[in-house]
Amino acid sequence: MDKTIQTPAEAVAAIPDGATVMIGGFGGSGAPIELIHALIDHGAKHLTVVNNNAGNGHVGLAALIEQGRVDKLICSFPRSADPSVFVDCYTAGKIALEIVPQGTLAERIRAGGAGIPAFYTPTAFGTEVAEGKPIAEFDGRSYVQERWLKADVALIKGALGDAHGNMTYRMAARNFNPLMATAATTTIAQVSNIVPLGGIDPEHVITPGIFVDHLVEVANPAQEEELNRAEAVYP
Amino acid sequence: MIDITDIKLSNAQIAWRAAQDIEDGAYVNLGIGFPEMVARFQPEGKQAVFHTENGVLDFGKAPALGDEDWDLINAGKKAITLKPGTSFFHHADSFAMVRGGHLDLAVLGAYQVAQNGDLANWSTGKGGIPAVGGAMDLVQSAKRIAVLTDHVTKKGDPKLVEACTMPLTGVGCVTRVYSSLAVIDIENEHFVVREKVPSIPMDDLQSLTGARLHTDGPVTDLICPKDLA
Amino acid sequence: MIDITDIKLSNAQIAWRAAQDIEDGAYVNLGIGFPEMVARFQPEGKQAVFHTENGVLDFGKAPALGDEDWDLINAGKKAITLKPGTSFFHHADSFAMVRGGHLDLAVLGAYQVAQNGDLANWSTGKGGIPAVGGAMDLVQSAKRIAVLTDHVTKKGDPKLVEACTMPLTGVGCVTRVYSSLAVIDIENEHFVVREKVPSIPMDDLQSLTGARLHTDGPVTDLICPKDLA
Amino acid sequence: MDKTIQTPAEAVAAIPDGATVMIGGFGGSGAPIELIHALIDHGAKHLTVVNNNAGNGHVGLAALIEQGRVDKLICSFPRSADPSVFVDCYTAGKIALEIVPQGTLAERIRAGGAGIPAFYTPTAFGTEVAEGKPIAEFDGRSYVQERWLKADVALIKGALGDAHGNMTYRMAARNFNPLMATAATTTIAQVSNIVPLGGIDPEHVITPGIFVDHLVEVANPAQEEELNRAEAVYP
């Protein structure tokens, strides 16, 4: 078993039009820029994207949106230093938006990966975000029922990876990445280093290989924040 | 009616047969006891990745006697070993793997299997102390559920039945039965015989089964190596 | 009616006052923006442990300009630093901390706070692009919810109101308001004034508030250091 | 802030009669034997205990049961090499038993720690274990509603710990320990080594300190399996 793939282009080649794609990261931290750019080159369109944010500047997720590939975005916080790409698309009615509270977004993705079709949360009870959702009372308190969230594909970014798909992450770049790995039919990871099997201490594995389908090594990956400070534009 | 004493497969042979169907890289959970033997018989070039509910993936075989580390055990509380690729995780993550449908196969024992795929393997329903462990999670969520079992009980009663009379572990979950006499798929709420030991006539196999056996194409000979350790 | 321009507290002073109430070892989440200033003003010997939604606990202050590592940021996407005791975890674990009631305190900004503790701080309801982030999770689950806010809007309208007119972030959740003029608890669906800046008469404070102010014991002087950086 | 305590006896001294106590471990792996024995010495009774099993031999949880301190056990698998203590108590009607499928037990504890009052699982649908529980259909499949599980106290066992309560575990001894740490009002941990703050790499922390209230160092902790092989009896 060897889950490694040579290039980001090969890794994303099978993503079809209309796919639901989870993209890891919180802002630029943990965003798999090279995989997103490969997806732009690949050309898949009419995507539904799940991400915490809505992109920043003109690279990564913002570039995917700017290229008109995203029909719908499911996120918690579509603001950033420069959200102009998303704002323009949204204002022009070119992209649908589903706002999900951040903890609910995380838990819905975890539930998707963990086979929990629905759960109850106190979050958003009594707010317009909960409108239309089932409400139930437990021990005298009211909760909102939320459904799992799954995807066809997850694009994630890690630090170390091995041929069986075991992975680690770098600091706060962990965020949504390990969750999304569990909730997609196909999980594609870029890692800074592919190490030999056994190169990750079993105690330090964050994502066990069972959740990862393909890994590609991207040494010295781009950081969205740095690209934006350099005013980079993709493609 | 033929005497099956000498023609039925041993547990090791049943486990061997089940092992032949496991694909390279498949994620597999082996139930406590007899199903654990499957790990011994993986064919060359077909290396499954084993999962144990208590939080270990991709572990190695049992250590030599005296080399056990009792913090490194499987769900049957037997000592296992590390190998390159092993990972540890807590119980909620472990059952996220199970419940989330990430296992390709779970291999379990059975008291009874019904033709609709219902499985009874956790309680005889006769009193005593109930103990379910992880079986109820596994049977509802792994992609395929294989049962390893004697074809009949020690008393000679069928274990493959029309409807389970013992308390259920899961409903409509079993996909294939490796019995001591046959390999039988469960499809559309029917038992479909794929293989049988060569020396048992189909009529006798039917007599030893509590529900109608169907065929769908040829029934091939079920032949296993004799001296399995 | 007194002109409050010169007597109201600065944001730094409000943050300073809030910081004085945080106990040593308290687990605290500071909202994006103005509430982040609270970390600067922790009293000697009272060291809170800060949580940020994006998966870091017990982190240090901002790095020097040019020393940023953009994989080490807070929920406001500002660079932070490691310190002995820091830990990383994923988003589901991070919000397990929040939703599970493990945070002692969340400190947030507000558009409006109602006397029953309802909070509106995520959307003005006037169109534009909604963005909720982690606020809805925090307000329903941290043990105490403190709001830092100007007492009135830039136009002079009350921000402490009978009932919120803007979309709610959470219901009945705010426990204490640190405003630019007063420290006000929310108890039994009432605003209860604990402290006020010395130079504002109670009647004027009431005039600047959209709901009835109550007292329950003496109202002490709210005095903050003047030159807070 | 210093969460360390000098002895197991001091660590468990405040546990009251009638408490619900989660005890980590899967069989003997990860079982906090010294804390359990300190609890026996402490004398609290009428306990409800949550554990995967029901004890083995005459040490640890089995000893706690043998001393008549446990009114009710919530577990998935009350069998072991020598479950005679539990079997005798159960047969004599001295202890109540709630059987929970293992994955449901784990998820109920996680839900308790994560503020999820209820969730749906496919596990046990159609079985007697689900009798009396609400059933709901999602996307054409039936699921059982399960409630969170919380405790007054969790007794857990780790490898390294620091004064802020950050912890690691040793191999498969991790099991239920990190979950129980999150679901109890008071979490008491025994660790093999208390290390200086910063002594655990932030990437390798499994239980962040927010979930731990008290830590006590027990160097070279007893292993239930080894005690039983030596036919140990406590007290």
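In this document, chain identifiers A, B, C and D correspond to the written order of the chains, with residue numbering beginning at 1 in each.
In this section, a residue touches a chain if its C-beta (ideal position, glycine included) is under 8 Å from a C-beta of that chain, and two chains touch if they have at least 3 such contacts.
Values in this document were obtained by computation on a predicted structure and should not be read as measured data.
Q: Would you pick out the chains that touch chain B and also touch chain C?
A: Shared contacts of chain B and chain C: A, D.
Q: Going by the average position of its CA atoms, which chain sits the greatest distance from chain B?
A: Relative to chain B, the chain with the farthest C-alpha centre is C.
Q: Could you tell me the distance, in whole angstrom, between the mean C-alpha positions of chain A and chain C?
A: The mean C-alpha positions of chain A and chain C differ by 30 Å.
Q: When the C-alpha atoms of chain A and chain B are each averaged to a single point, how far apart are the two points in Å?
A: 37
Q: Would you mind pulling out the distance in Å between where the CA atoms of chain A average out and where those of chain D do?
A: Here the centre of chain D sits 34 Å away from the centre of chain A.
Q: Chain B: which residues touch two or more other chains?
A: Expected reply: 88-89, 92, 95, 98-99, 141.
Q: Could you tell me which residues belong to chain D and also touch two or more other chains?
A: Residues 107, 110, 114-116, 121-122, 169, 171, 202-203.
Q: Applying that definition of touch, give me each pair of chains that meets it.
A: So, checking each combination of chains, I get A-B, A-C, A-D, B-D, C-D as the touching pairs.
Q: Any idea which chain A residues touch chain D in the complex?
A: Interface residues on chain A, with respect to chain D: 107, 111, 114-122, 136, 138-139, 141, 143, 147, 168-169, 171, 202-204.
Q: Tell me, which parts of chain B touch chain A in their complex?
A: Where chain B meets chain A, its residues are 24-25, 27, 47, 49, 51, 57-58, 82-89, 92-93, 95-103, 141.
Q: Within the complex, which stretch of chain C touches chain A?
A: Against chain A, the touching part of chain C is residues 52-56, 69-73, 77, 88-92, 94-95, 98-99, 118, 129-137, 140-141, 167-171.
Q: Using the touch rule from the top, collect the residues of chain D that touch chain C in their complex.
A: Going through chain D, the ones touching chain C are 1, 110, 112-116, 162, 164, 166, 182-183, 196-198, 200, 202-203, 205, 208-211.
Q: Under the definition above, what is the set of chain D residues touching chain B in their complex?
A: 26-30, 52, 76-81, 83, 86-87, 90, 97, 99-107, 109-110, 121-129, 169-179, 206, 223-226
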